[in-house]
Each structure stands twice: as structure tokens, then as C-alpha cells.
Amino acid sequence: MKVEAIEKLLMDVKENRIDVEEALSTLKQLPYQDLGFAKIDHHRELRQGYPEVIYCSGKTVDQVVHIVEVMMHRGSNVLGTRATEEMFEAVKKQFSMAAYNESARTITIVQKEIQPSNGYIAVVTGGTSDMPVAEEAAVTAEILGNKVERIYDVGVAGIHRLFSKLELITDARVVIAVAGMEGALASVVGGLVDKPVIAVPTSVGYGANFGGLAALLSMLNSCASGTAVVNIDNGFGAGYMASMINKL
Amino acid sequence: MKVEAIEKLLMDVKENRIDVEEALSTLKQLPYQDLGFAKIDHHRELRQGYPEVIYCSGKTVDQVVHIVEVMMHRGSNVLGTRATEEMFEAVKKQFSMAAYNESARTITIVQKEIQPSNGYIAVVTGGTSDMPVAEEAAVTAEILGNKVERIYDVGVAGIHRLFSKLELITDARVVIAVAGMEGALASVVGGLVDKPVIAVPTSVGYGANFGGLAALLSMLNSCASGTAVVNIDNGFGAGYMASMINKL
Amino acid sequence: MKVEAIEKLLMDVKENRIDVEEALSTLKQLPYQDLGFAKIDHHRELRQGYPEVIYCSGKTVDQVVHIVEVMMHRGSNVLGTRATEEMFEAVKKQFSMAAYNESARTITIVQKEIQPSNGYIAVVTGGTSDMPVAEEAAVTAEILGNKVERIYDVGVAGIHRLFSKLELITDARVVIAVAGMEGALASVVGGLVDKPVIAVPTSVGYGANFGGLAALLSMLNSCASGTAVVNIDNGFGAGYMASMINKL
Amino acid sequence: MKVEAIEKLLMDVKENRIDVEEALSTLKQLPYQDLGFAKIDHHRELRQGYPEVIYCSGKTVDQVVHIVEVMMHRGSNVLGTRATEEMFEAVKKQFSMAAYNESARTITIVQKEIQPSNGYIAVVTGGTSDMPVAEEAAVTAEILGNKVERIYDVGVAGIHRLFSKLELITDARVVIAVAGMEGALASVVGGLVDKPVIAVPTSVGYGANFGGLAALLSMLNSCASGTAVVNIDNGFGAGYMASMINKL
Amino acid sequence: MKVEAIEKLLMDVKENRIDVEEALSTLKQLPYQDLGFAKIDHHRELRQGYPEVIYCSGKTVDQVVHIVEVMMHRGSNVLGTRATEEMFEAVKKQFSMAAYNESARTITIVQKEIQPSNGYIAVVTGGTSDMPVAEEAAVTAEILGNKVERIYDVGVAGIHRLFSKLELITDARVVIAVAGMEGALASVVGGLVDKPVIAVPTSVGYGANFGGLAALLSMLNSCASGTAVVNIDNGFGAGYMASMINKL
Amino acid sequence: MKVEAIEKLLMDVKENRIDVEEALSTLKQLPYQDLGFAKIDHHRELRQGYPEVIYCSGKTVDQVVHIVEVMMHRGSNVLGTRATEEMFEAVKKQFSMAAYNESARTITIVQKEIQPSNGYIAVVTGGTSDMPVAEEAAVTAEILGNKVERIYDVGVAGIHRLFSKLELITDARVVIAVAGMEGALASVVGGLVDKPVIAVPTSVGYGANFGGLAALLSMLNSCASGTAVVNIDNGFGAGYMASMINKL
Amino acid sequence: MKVEAIEKLLMDVKENRIDVEEALSTLKQLPYQDLGFAKIDHHRELRQGYPEVIYCSGKTVDQVVHIVEVMMHRGSNVLGTRATEEMFEAVKKQFSMAAYNESARTITIVQKEIQPSNGYIAVVTGGTSDMPVAEEAAVTAEILGNKVERIYDVGVAGIHRLFSKLELITDARVVIAVAGMEGALASVVGGLVDKPVIAVPTSVGYGANFGGLAALLSMLNSCASGTAVVNIDNGFGAGYMASMINKL
Amino acid sequence: MKVEAIEKLLMDVKENRIDVEEALSTLKQLPYQDLGFAKIDHHRELRQGYPEVIYCSGKTVDQVVHIVEVMMHRGSNVLGTRATEEMFEAVKKQFSMAAYNESARTITIVQKEIQPSNGYIAVVTGGTSDMPVAEEAAVTAEILGNKVERIYDVGVAGIHRLFSKLELITDARVVIAVAGMEGALASVVGGLVDKPVIAVPTSVGYGANFGGLAALLSMLNSCASGTAVVNIDNGFGAGYMASMINKL
């Protein structure tokens, strides 16, 4: 039930087209989501301009194409994560402006111009193998309207590489620190910069890494203040969170 | 906002005491729970007759007494779980009909007569050490208005004891199977009876029991159909779930 | 040994065709299952009308076909879970009324009419990826003679979708809540409805999901009363348990 | 080596008091931290006005008092976390303006006026037992110069309480969601509000909660975007991170 | 129902004191355990001479004394495990021949002479701290009628001590290998002797020992054939199993 | 150094062909294994008649064939575990009496007659999917010279099947209980029979089974005395241990 | 900024080409790595002669070839770990002196002569399946300029094999003990030799081995002093660490 | 059997006091440890000068005093780890030169002068709470005859403190890195220095630290080469290992 519908209902009451009892009964049976417009729709509107997102993993090519069509029809920008090249090829046939980032495994389609932010988000990785997760974060942040600086392969095993880029990291408004293995990068970055750090553990490693558990626990226990953690390999979540912060 | 308030609002509109815009604005700002009465309050009403429950663990004696007073004032029956004797003594000073079950560590106060159910719930334990959890389940089920049969210490190490009570178990409408160590009781009971079984792992045991994990995993993997599991030592949860089923 | 056989034995004693010693010795050597008829067979009979179930995973196509034949011969309805399409094709060659649910991966053959229940079971999922598990639950509940309402993709990330279906969920006799990732759906549903909730964690997710462990622990620790949990991805178990409850 | 020292060195070179070789050798032996002033000190300065923090756990009363004295001498505001009452009494003897928050177990001393922020941070908890962690977060955020709104005991088991406070939560700039047991609050809040959510799992619960692991995994796997997680019971970390975000 | 009762029933049928129908009905209602005598009682009889066992942990002093009284009345030898000195003192007041092993924490009362076995069981430990578990195993084996050789503190860190006792170990019929920390003793003993080895992991150790998990996993993965494992710290279980084997 | 060599050395000393010093020096440098003959070789001899065993997993077909050749040359019987059909085909080309057990995945070659034991080992499984592990145990026990009774698919979900075979199980000298899922079979069997039970958890199951962990913990925590456990899926280990016990 | 650049800067100051302020400002803006030469470069130089290392896993063939080219151009020796044969073939096309160790899966190219060490490193394994990890360690140690003795398949199940090689192990300067399954080898070796032991758990095994966890925990809890542990299957890390120690 | 005894035996053979057969038989029956002198005793001798070590945890005061007396009688230096003050007081009564390190909880008695090493071991900690473990390492290394430099509280949250001490760390022959929480210190130190690093995870921390597991996994997965790890809180093990390396 739209706001207009409620307005009309009140008008009907006022003008005696329906009586109070009937109006009350109608209001009582409103499904939650309709009554909820005041709050839910309000903040949904704030999200205008946000792209719509598809988590492609576990979906068929047809399903992905179909969802993209619906989203394009609504005029949204589109971000597909964990997408295969095959999915991209199928999408591209329909929407030639679709772009694929091989490393991030993302499909992006921009049909509405994106207002880039003033400040930027720094995406920092420990090693080159963390790049796919970092790219997912970067692509997500970009389509959400943020400038992004990529600072890759600056892990603590060669800490002078990190220091040589420190200014670029320090000047960001938000930092995304992506690291596998022991995940020490997040602590080191968190100790050096005075900005919110979103730490992303990756599943890069082997043995007692246990699929990213080592980096995850390391980041959760970071002795550096100003750090919070997202799920293992969750580049999208980090990019989304960083964007929310950057746009405050 | 109560139903009456909305009714009055509509009346005010009808009788031109306020205009439509103002009414709409009031409606829009209604907090969720007020708009939500249709659904939420409706099923809350179904719960009438249910006791109010306090999880006493981690609360001070004073806090417990205070909450009990409020509940008593509302005319509810009261169930306090994980209560110490000290808490009970303090409550009893104010409400002499309060009762304490030492094993279950429950405080119960019945000020409204409970309609007992027709069918009964069987509470079965593997060993005597599982009794505290079993009693918590039994007391919970009883104050919720269920008849309960206690069948304790019939674990699989002496399986003939279980068989000698099989009829009593089979004739229940719902069975609560409480067991620690390897938790095999739930599978054996589930394989023998044709009723829903609520399995409660307990933390009874040592070593590779890991605080009840062994029994929990065992019960979740039960090869007997018709079994579902609650948290380790969660007698209250099992009693509540069994009551819900028994009263369908 | 059937009841008739024991009856005949007693008759033989009575009519002196055998002496007491011989009869006693025969009784003593009865295998357990024969003596056990009183209890075990009794409740087996209650299960009349229940389909016979094959867990197809890890069996060869030939084995599945063979078991189906035996079951069909006994006049039972048949439910095969975790079945491949190849298995279905082979079964269908023999029994043309066999049906396959691609998402649930179930084979069903109904040769005896099923009496549908009055009340219904609501099967609710958090996301579309939880559908295979939900369908296994739904198909299981249906062949066991229950009406089922499917309410999919109403997870807490878009909680207004859940509220818009709340009435349908609340009016069920039993609710099956299927969710992966963080499994919060079970708690939210459990907090809103006043019916027994069977929670099914799924292995949908990645990273610190650890194959469904996150959802499992979440559901076991649910702060909402009236919830019990089955194994990760165990749609069949949830459907079976819900049916047992619904038919009480 | 201070900037002045380097300046003097260059002057000495310029005026031939020392030769280039000697100057080079001096520069080469500069300890890192002295050379590092450009970057490290720079961002340290940004932190001006930040209180100094003591993690009191595992320290003796004497050690805590001593550290507080040093900090007070530097003119800083002081925040002591995980402090006992005994520690507070000892500190108060020396600094009468010291304040103790019993629930949060924090000692705070404010000797420099704090500029409060414009926007506010909402601290939301699932249950009353999560309050100590929430208070640690709130006290931390306040002494860092943020306005804080406390919205406690609005967990998903009684979700209408959450909805009645939704506006207050939505209008915050950052939300801290504190919950134990299954930690579903973080997902529900994350799904309803369009602000960065810092999720804090607490160790409240028992059994398969495994000291907060259930809530931790639940929050890491949240299907709601815009959420990041800190360590179990780490109220301080959440308050610090939220402050950093709020002050961007 | 005893065998005599069934015999009498058959006699009654034979002599027409009751009719067949009535006899059948009586038989049908026999509880399982009564029908089960043929099998269950039979093997129970084999256990004659076995002591009765009380797991004292979690029982009150009064409960322990009471159970001991019942057992003594039945003429059994008695073994109480995990018993406190206080329990022993109370038992000793009633039964002066009760003995207490401080290290094993066992109470034993021998009122029926024990026939010692021919072969012996070797109980081997890695360190002196494993002694309590080893003693529990040894005392259990002894009261079950086995000769026991104790070979303590021969862990792999000083492997020459183990070799100097090798003959004594090799000549046993069964070996119990008790070890904490990394549990390597079980593998080394298993590799050297040609007898069944019961491995008992202990919780001795710290850190990544995780309460005996390290030794448990180590023993389960032993590359030496002829080894099986009991629960962490389960000296009783090892002694009982070894006795069963020794007495074959 | 063989015994003869030492004998010769002593002779040389006696007959003054070498002096004492030289002899001492030679003895001092004896490698451990040579000096060790007294003990190690002695018990090796006891193992005469034992087959030689190859763990084929992770070896190439050529490696397996080569090892078999060496063993056959030594006159041993041969047992290859975890062998593929391809390996078997290659072995069979050389040794036509080689036999393959498809379910157990074992290659066996018997060139020396096996003296069968008097007593037998009962191998019991919960379900049909546990058969490969059970067969590995059975084949191992057989080639080690034991009679074996296979009693499959008697899990606790249909406990009457187990009871109907109870006599066959009780009359064995050793019982091997093989079960996946919740592993309750081991406890039930352990509670019913008075013989040593070797429990073998299998990785059969899914979800919170965690690759056999549920059954493993269940079996380790069994409340039935007289049970010990081998590694998950370790049919060989169980068969070997059971054989050792049976042959005492 | 190179040392020369700073030297020139100082010269410019001396000769009044730039003033002190300007020089100071230049120094202040030096990126960390440039200022850092004093320390970082210094110890980098010590590493002269060390090969450069590529962790090939997760890289494409092209990437590997490219990195090798760069390294060869710098005149370094090259070690590629976790390399496929395909990678090797591609590298060999360009650099014919490249060598491949099939078991270790390493590519090595030696263009600068290696000075072998005086003492040697003993690489010891429990079984033949641990060989790939052991070879990775050995190849790494060799290209780093160490003599290596390989002592394979001397696990504790046949401990006399270990003793026959004890002298060779004891005479090494460092020992690398590589073992899967229960990892007891490390403790036994650590107890026998008086040299630093680097323990390498391998993922060899199955069931409760949990991918090497059993061996890892076993080694961490070793009761033998003088042992430290690297990650599961981390042959490279062990070889590198042993080389560092051997070259002290 | 001592060397002399064998010598005498050979003499007896030579001089015909016993015949060859008898001598052979005596040699054959030598227990392992006596024959083993050649190897085991040899390397034991190398350990001369090493103190004897008591792990006091779990021992009574009397036991500790007794063991100390025996060691003192043998003329050894003594190191007692995990000792209480009460133990120390009792030891001191007998041996006035006994010293107690409160933080390390060590008792040391030096009766034989210790030759200090030339190079030194650097013991580095992340925080002050890691000090007890670090002190245990330092005291152990010192009594083993090593010079030790303590560099405490230089964790990565304030990384400039670490850099200011870098020279002191780099110039050590071995580095012990002690850290709790996320354990990043080990990786950072390992990346900066070119010396063997022994990493010691501590149990300092809370929540998802899981008693030191986070730091342990972090250190095992370190991306810095030249690092090996000992058990959580195992300061003694680190000190011992470092000493072994330093003395090569």
C-alpha cells in the first residue's frame, strides 16, 4: 500500500465515503512492508544511485542474464561478483557496455554516471596472490562511486616496500588491508595509519592456514586499534563497507 | 499506539478535527511495533497463559527479585532458570508460594492455575548426571501446562533398562532425550519410538567430550529420523519446544 | 516368530502336543525381533502409509533401481533422496509414474493415495541458494502426507520481504526455517511466530562459514524459544520431523 | 634525533664545521624512529586530543596507578579498560576526578575538555547481559569525543522492541551492534539501516556458543552488507573504530 | 518376569488354569528386559566376579556411601573411580577394609577373593605426571583380577630408559601406554612390541596441547599397527579393556 | 653385525688374532640395529606367518608391483590396502593367484597356507555405506589367520535387526564395530556384549559429521566399558588389532 | 634515494648550491625505504649469494617464466617451489641449465657457483610418502649452499631403522625431521640427538589426521627440548631455517 | 653394563676364564641401554655443563625440593620452571644461593661457573604482558651459558619502537620473538632480520584468541622465511632451542 493509498483512505474517511470501522480494518490488515514504508522505504531511497548486486556463484548462466536484464530495466548500475567468463560472455551479448575484471571475477555495467568521491580508498595487499580479493573490493568500491588507490604486494616479509607507499596509504580516508597467510599486514597498517582499516583475510596459504582461519584470527586479535574484519575472501563486503564509511 | 488511538485518529479526520495531511504524518511516524499490532500482538495473545521466564545466570539477586515482582504484578506465572538458592531465598521472602527445584536450579511461582495437557511428554536421560538438565526440561514443560513422565538413567550401556520402560516412552506425545558422553541415547530412542524426539546434549563427560561437543555432534548426525537438537545443556529450550509440539 | 506362532505354541502346550519344557526352550531361543513384536511391530504399524526412503548418495544406479523395485513390490510409496538424474532415468524406465525434483534431487513414486493433512507446514528460506535443501524438506513432507507452503528468499538482509509473508508463516502448524551464511533467519522467525520451528542450517556460504558450521552454531544458540535444529543440509530430516509434529 | 638536530647537522656541513663524509655517516646511523618523524610523528599529531589507553587486565594495582600518573603528567585524558574496583580506588586516591563505570569496568579521567561530535554513534545490544561490552564501547566512544545513544535489549527474540527504536538507530552515523548467543542482531540491524555497522560478538551464552564463537561466525557470515566485525567482547575496539569513522 | 514365571504360565496353560488367549496377552505385555533374559542375562552371568564400579565424580559423599552399601550387600567387590579423600573417609567408616589409592583417586573394597591372571598387563607412562591416569588403569586391572607391571616415566625424550625396560614390556600380554604432551610413547611402544597396545592420551601439557587433544590425535594416527585408543585421561576404560583382552 | 660376526670376534679374541682393545672398539661402533638383535629380532620372529602389508595409497602402479614382487620373493603372504583396480590388474599379470576385494579395495596373495583361528571375529556395521571399511577390516583379519563373521547394516535406527544377530555377535572373541554418522552402534554393541570391542568410526555422513569427527568423538566418549577406538576409516588397523587380541 | 644522492645533497649544502631549509625539507620527504638503507640494505647485503625464490603455486606458466627471466638477469641463482612440470618445460626452453626435482616439485637454476658448507644438514623422514616435503627441504638447503644427508623412511613403526642411521643424524649440525601421521619421529629424534631439530609436519595420513593437524600438534607438544616447528608441508621453510642455522 | 665390564668380559675370553658361547650369551642379554652407550652416552657427554631442568608445575613442594637435592648432589646447575614462590622458599632454605625470577617463575641455582657465549640472543616481545614467557626464555638461555638482550614491548601497534631497537636485534645471533594477540611481531621481525627467529606464541589475549591459537597459527603461517615456532607460552623451549643454535 503506497502513501497515496493511505492518503486516499483518510480522504475517504474525511468525506464519509467509508466509515471509521472500515478504514481501521483496512489499516489493520496492511501487510508489514506496506506499513513499513515510513522507515524502510525512506532509507532505501538514500541508497538511490547504488548499483544492484548479484552474487553469481551457484547460479546458472541463464539466471544471471535474466537478473541482469531486470536490473538494467530498472535503470540501475549492475555489479555481478564471483562471475565466470562464460557468464560475462552471455551478459555482454545483451549489454555491450558490460565489463569483466578477470582477476576480481566481476561483471560491471554502468548506465548511470557515477559521481566519484573526493577522498579515496586505499586497497593494500600482502602478496600478489591476494589480488583477486583486493580487486573485488576495488571494483565494488569504484562502482559505488569511490576513487580507489591500489597498493599491492607490500606484505611484511619485505616491509620496506610498505613504507615506501606509506604516504599514499595514510592519505586515504579508509584503508582496506587484504592478506592471507598470517595476515600481519592488517596489524602493521593499523599501527601506522590513523584511518579506519577494513581487514580482509584471504584463503591464500596452505597447511595450518586452514582455509584462511589463521589470517582471520590474526586480524580479529590485532593489537592495533581502528580495525574491523570481514569474512575470509569477502572483497565485496570490504569494498561496500569502505564505501559506506567514505561517503559519510 | 493502540488500536483505539488509530480509531480516534480516523474519527478526528472524519470529524474534521485534524486534516488528512496531519493524520498521514502521524501514521507515517508510528513506530513499527504499534503498526505491527495486527500480527505481532495477535500471536502474543495466543501465548496467554504462558509463564514469563527469567534466565537468572549473570544477574544479581536484587535484579532477579525485581524482575519477579514485575512479573507477579502482571499476574503471570513465573519461571526462573539457572537460579541459585540464594536467589530463591530472596524471592521466597516476598512470594511465599515460590518453589525451588534444587537439581533443575529453577524457581517457579504459580499464581494462575495451569490447565494440564491430555498427552504427556517423556523426559528420558542416559545417566543420573544428566538429571539437572532433564529436570530443567521437565519443570519448564510442567509450568507450561504439560504432564511429564521422568524416565532417568536408561542409557545405552545398560540398554535393558531402556527397554523395560519402552512402553512409557512410546506412549508419550513428545520425547525429550537428554544425554551426555556419546549421546547415543537419542539415536536409540529415535529408532524405537514413532514420536518427535527433542535431543538435548549435556556437558557431562570429560576429555574428548569437549564440553558436550561429542554428544551434540552425535545427536545432529543421528541416523534415526524424527529427531531435532537443542543447545548443549539447554533443558529449558527442550521443554519449551516439546510443550509447543504437545499443545498443537 | 509371529503372534500366531506363539498362539499355536500355547495351543500345543494346552493340548499336550508338546510339553512345557520344550515350549519354554522354544520361547527362550526366540530371536529378539520376534519377541519384540509387541512393542516394535506395534509402532511400525503406526507408520503404515509412510513411504519407504532410500538415501541414494554413495549407491550405484543398479542398487537404487533394485531397492526401488523391492519397495514398489511391497506396495509402498517411495522417496529417494540425494538422487542423480541418471538414477531417476533408470528408475523411470521401470516405473513411469516416478517423478524427479531437480532442485531437491528427489525421486518420488506414489502408488498409494496420500491423505493430505489439514494444517500445513511452512518451509521458509533465507536465500535462493538454500532452495535445494528446502525442496528436499518440502518434498519429504508432501510424500508423508502434509500440505506445504513454500516461502523462499525472505532472509534478514531484506527483512520487509519476510514481514510481507508473516501471516502465511504464522498460520502454519510447523515452520521449517532453512538458511545458510549466518542463519539468522531461524532466530527471527522463531521470535515472530508461536509455532515449533525446525531450523536447517545449509552449507551455503564461504570462508568462515566452514561448510555450514556458522549457521549451525547460530541456530543452536538461538535466543528464540521453540526452535530445534537438524544437521547441516538435512532437508529430509527437517521434513520428516515436521511431518511427525504436524500429524500429532 | 630531532628535526633540530638534523637542521644543525646541515648547518655544520654548510659552515664546514664537519665534512660531508662525517655527516653522511651520522645520517646513516640514525635510528629508524628518528628518521621516521616525517611520517609517523605526522599522523601521531593527528591523534592529538585522543586519550591514552591502559588495558588493565593482567596488571597489578601499582602498575596501573603508575601508568595513570605518567599519562596525567603528559596532560592526556585517560581511559583504563578491564579495570577492577580496587584499581579504581587506588587511582581515585591520587586523582579525585577519576570516574568508574561498574558495568563497563572502565576508569576515565578527563582533564582536557572533549569536543563532542555532531553526529552520534548508536550502541545497540541484543540482551541485558551484553551490557558490559556495550558500555565499554560507549565509554570509549564518549571519551574519544562522540555523542552516544544507548539502545539496549532489543534482540531478535522480541523484534518489535528493535523496530520501535529503529529511527534512533537509523539516524546515527555509525552503529555498534553488540550481541552474544547467535548474534543475529548484527544481521538484522545491518539489513535495516544504511550506515556502517560495527558488530561485536560477546561471550554471553553457553554450550555450543563456545565462548562467543557462535556469534563471531554468525557476524562474519552476515548476509547484510556494510558490516565488519571486531574480536569477541572487544567493546573498546568497536568504540575506537566507530569513533574513527564518525570523525572522518 | 523370571524364567520360572514363564514356566508356570505354560504349566497353567497346559493344565487349563488359564486359556491360551490370556497367556498370549500376558506374554505380549512382558517388558523387554524380561523377554530378553535369554541373551542379556546370559552374558551378564559371565561377568560374575567382576567388581561393581562407581564413577564418583559429580556425586555427593552421601550418594557414594549409599551406592557402596548396596554393592557390598550384593556381595560384590567395589571400585570407585575419581573419588575424593573425603568420600573415602566416609566409606571407610562403614567398611574398614576399604582402600584408597591417592594418585589414582580410587576406592577399592575386596570382599570376594580375586583369582589373579597368569599373564600380566604392562602399564607404561611417558612421564611422572601421567601417573594418576596410569594408576587408575592399574588399580582397575588389578581388581578385575589381573597381574600388573608398572613401568613409569619412560617417555621418548629419554628413550634409553624405555629400552632398558623393553623385555618387561614385551613379555606382557597386553600393554597400556599412557602419555600426555605429544603422545609419541604409544607409537614407539606399538612399533617395538608385538602385543595389543591400549593407548591412553592424558591431558598433561599446556598450550597447543588443548587439554589432551594433541596426544589423542597423535595416538589415533599412530603408524604402528596393533594400537587402539580410549578417551583422554580414561585410565579406567583402558584397564577394563586390557582386562577383557587379558582374560580371553 | 650378525650373531656369527660377534661370535667370530670373540673367537678372534680368544685365539689372540685381535687384542681386547680392538675388539672393544669394534663392539662400541656397532650400529644399534645390530646390537639390538636380541630384542627386536626376537619379537620379529614371533610375527612369522604374518603377511607383509602395503599401504598402496599415494604409490604408483609400478611401485606397488615392485614391492609385491619383493614380498613374494621372501615367501610372504601379501596384503595391499587402498589399492585401485588398475594396481590389481598389474599385480595379477605377475601373480595369477592375486585376489581383489572391490569393496575393501584390497589385493591379497596367499602363497603360504593360513592356519585359521578357533574363535572368530565379528565385524558389525551400522549401514551398508560402512561396508568398504568393514571389508578392509575383515580381509585384514582373514589373511592374518582369523575366522570372520560379517554382520552388516544393523545400525541403531533399526535396532531390532541388531538384536536378531546378537547371539552371533556375543559368541565372537572380539568384535569390530564399524559405524559412521553418529557412531552409536559402538556404544550399543559395547553395552550388550562382554567382549573387547574395537570401534571404527567412518567418514560416512555429511554436514556436522565433519569427515567422521562426530562418530570418532562419539566412540571415544562411549559410556560402555570394553571399547577402544582406531582412526576414522581405519579398517586395516581394526582388523590387525582384533587379530592380535584373538590370537593371544 | 641512494646514498650517493644524500651525499650529493650534503655537498650541495656545503657548497651553498641549496640552503639548509631546502635540504631539510628534501630529507623530511624521503620515503621510508630510502632512509632505511642503513639498516635494511645492510642486512640485505648479507644475504648476497642467496638464491631468489618463487612460490609458483597459483601463478600462470607465463608469470613464472617472466619472473625467472628477471631473476636470471639480476645474476641470481633461482629456486622455484611448488612448480609443475609444465612450468619447468617452459623455463627450460629459455634456460637450458634449469633442473627439475620431480618429487620436490622444484625448479633450480644455478648460474653462480655455490660455496658448500662444512657441516651438513640431515633430512630425516618417517615414511616414503613424506619424501616430497623432505626433498623440498633438501633442495632448498642445497641451493642455499649446504651439504645435505637424506635419511628417509626411518619412522618409529620400525625404530631399528632409525637407530642404524643414528650416527649420521647425530653428526649433522642441524636436523630436519619430516613426518606425517602422528609425527612421533620429531620427538624421538629430538630425544636422541643434541642438535637443533626443525620439525616439519606433513599432511600425509587420513581421518583424524585432519590434513596434518595431528602431526603439527604432536610436534608442537614434543617433550624433547631443542625442537621448533614450521607449517604443515613447509619443506622450503625448514630448509631455509636450517640453512640459516648451519651458516651461523 | 659399563665399558669396563665389556672390557673385562673380552679379557676373560682371551684368557680362557669363560668360553665364547658364554660370552656371546652375556652380550646377547645386555639390556639396550648398556649396549647403547656408544651413541647415547656419547652425545649425553656433549651436554655436560648443561643444567638439569625441573618442570615444577603439578609437583608438590616436597617433590621439587627432593629433586633439587639430587641434582645439586650430582654437581649440576639447576633450572626449575613454572615454580611457585612457595617452592622457591623451600628450596632456598636448603640452598641459599638459589635465585627466583618472579616474572619468569623460575628457580635457578648456579654451582658450576657458566662460560658465557660470545654472540648474544635477542628476546623480543610484543607487549609487557608477554614478559613472563620472555623471561622464562631469557633465564633458560642464560643458565645455558648465553648472553641475552631483552627488548620488550616493541609490538607492531607502535612499530617505531621496534625500529628504534632494530640494530640491537639484527646484531644478535638468534632472535626469540614472543607475542600474543595476533602474533604479527614474529613476521615483522622475521622480515627485517637475517637471523634464525624462534617464534613463541603466548596465550595473552581474549575472545577469538582461543588461548594463544591465533598467535600460534599466525606464526606458523608467517610469510617471513627463517622462522620456526614452539608451543604456546613455551619460553623454556625457545630458550633451549636458541641456546643450541647459538652454541653451534
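First chain written, first letter: the chains are A, B, C, D, E, F, G and H, and each begins at residue 1.
Throughout what follows, a contact is a pair of C-beta atoms (placed from the backbone, for glycine too) under 8 Å apart; a residue touches a chain by one contact, two chains touch by 3 or more.
The chain list, named the UniProt way, goes like this: A, B, C, D, E, F, G, H = PurE domain-containing protein.
Please read these numbers as outputs of a predicted model, since none were measured by experiment.
Visitor: If every step must land on a chain the current one touches, say how few steps get you from subunit D to subunit G.
Guide: Step count on the best path from subunit D to subunit G: 1.
Visitor: Determine which of the two chain pairs, A-H or A-G, is joined by the larger number of C-beta pairs in contact.
Guide: Of the two interfaces, A-H and A-G, more C-beta pairs touch across A-H.
Visitor: Starting from the Cα centroid of subunit F, hunt down the chain whose centroid lies farthest away.
Guide: D
Visitor: Which listed pair, A-G, D-G or A-B, shares over half of the residue-numbered contact pairs seen at A-C?
Guide: Over half of the A-C contact pairs recur in A-G.
Visitor: Whole-Å distance, subunit A centre to subunit F centre, using C-alpha means?
Guide: Taking the mean C-alpha position of each chain, the two centres sit 55 Å apart.
Visitor: Nearest whole angstrom, what separates the Cα centre of subunit F from the Cα centre of subunit G?
Guide: 39
Visitor: List the centre-to-centre spacing of subunit G and subunit H in whole Å, with centres computed as mean CA coordinates.
Guide: Using C-alpha averages as centres, the distance is 25 Å.
Visitor: Which residues belonging to subunit C are in contact with no fewer than two other chains?
Guide: Residue numbers touching two or more other chains: 32, 36, 39-40, 163, 166-167, 192, 207-210, 213, 216, 220-221, 225, 231-232.
Visitor: Report the complete set of touching chain pairs.
Guide: Touch list across chains, by label: A-B, A-C, A-D, A-G, A-H, B-C, B-D, B-E, B-F, C-D, C-E, C-F, D-G, D-H, E-F, E-G, E-H, F-G, F-H, G-H.
Visitor: Quick check on the complex: what are the subunit G residues that touch subunit E?
Guide: Interface residues on the subunit G side: 126-127, 155-159, 181-184, 187-188, 190-192, 205, 207-210, 213-215, 217-225.
Visitor: Would you tell me which residues of subunit H are touching subunit D in their complex?
Guide: Interface residues on subunit H, with respect to subunit D: 129, 160-161, 163-164, 166-167, 204, 206-210.
Visitor: Which of the residues in subunit G come into contact with subunit H in the complex?
Guide: Per the stated touch rule, the residues are 39-40, 42-44, 46-47, 53, 163, 166-167, 170, 173-174, 192-196, 198, 216, 220-221, 225-232, 236-238, 240-241, 244-246, 248.
Visitor: Of all residues in subunit A, which touch subunit C in the complex?
Guide: Per the stated touch rule, the residues are 31-34, 36, 40, 57-58, 201, 203, 211-213, 216, 231-234.
Visitor: Which of the residues in subunit E come into contact with subunit C in the complex?
Guide: The contact residues of subunit E facing subunit C are 3, 6-7, 10-11, 13-14, 16, 19-20, 23-24, 27-30, 32, 35-39.
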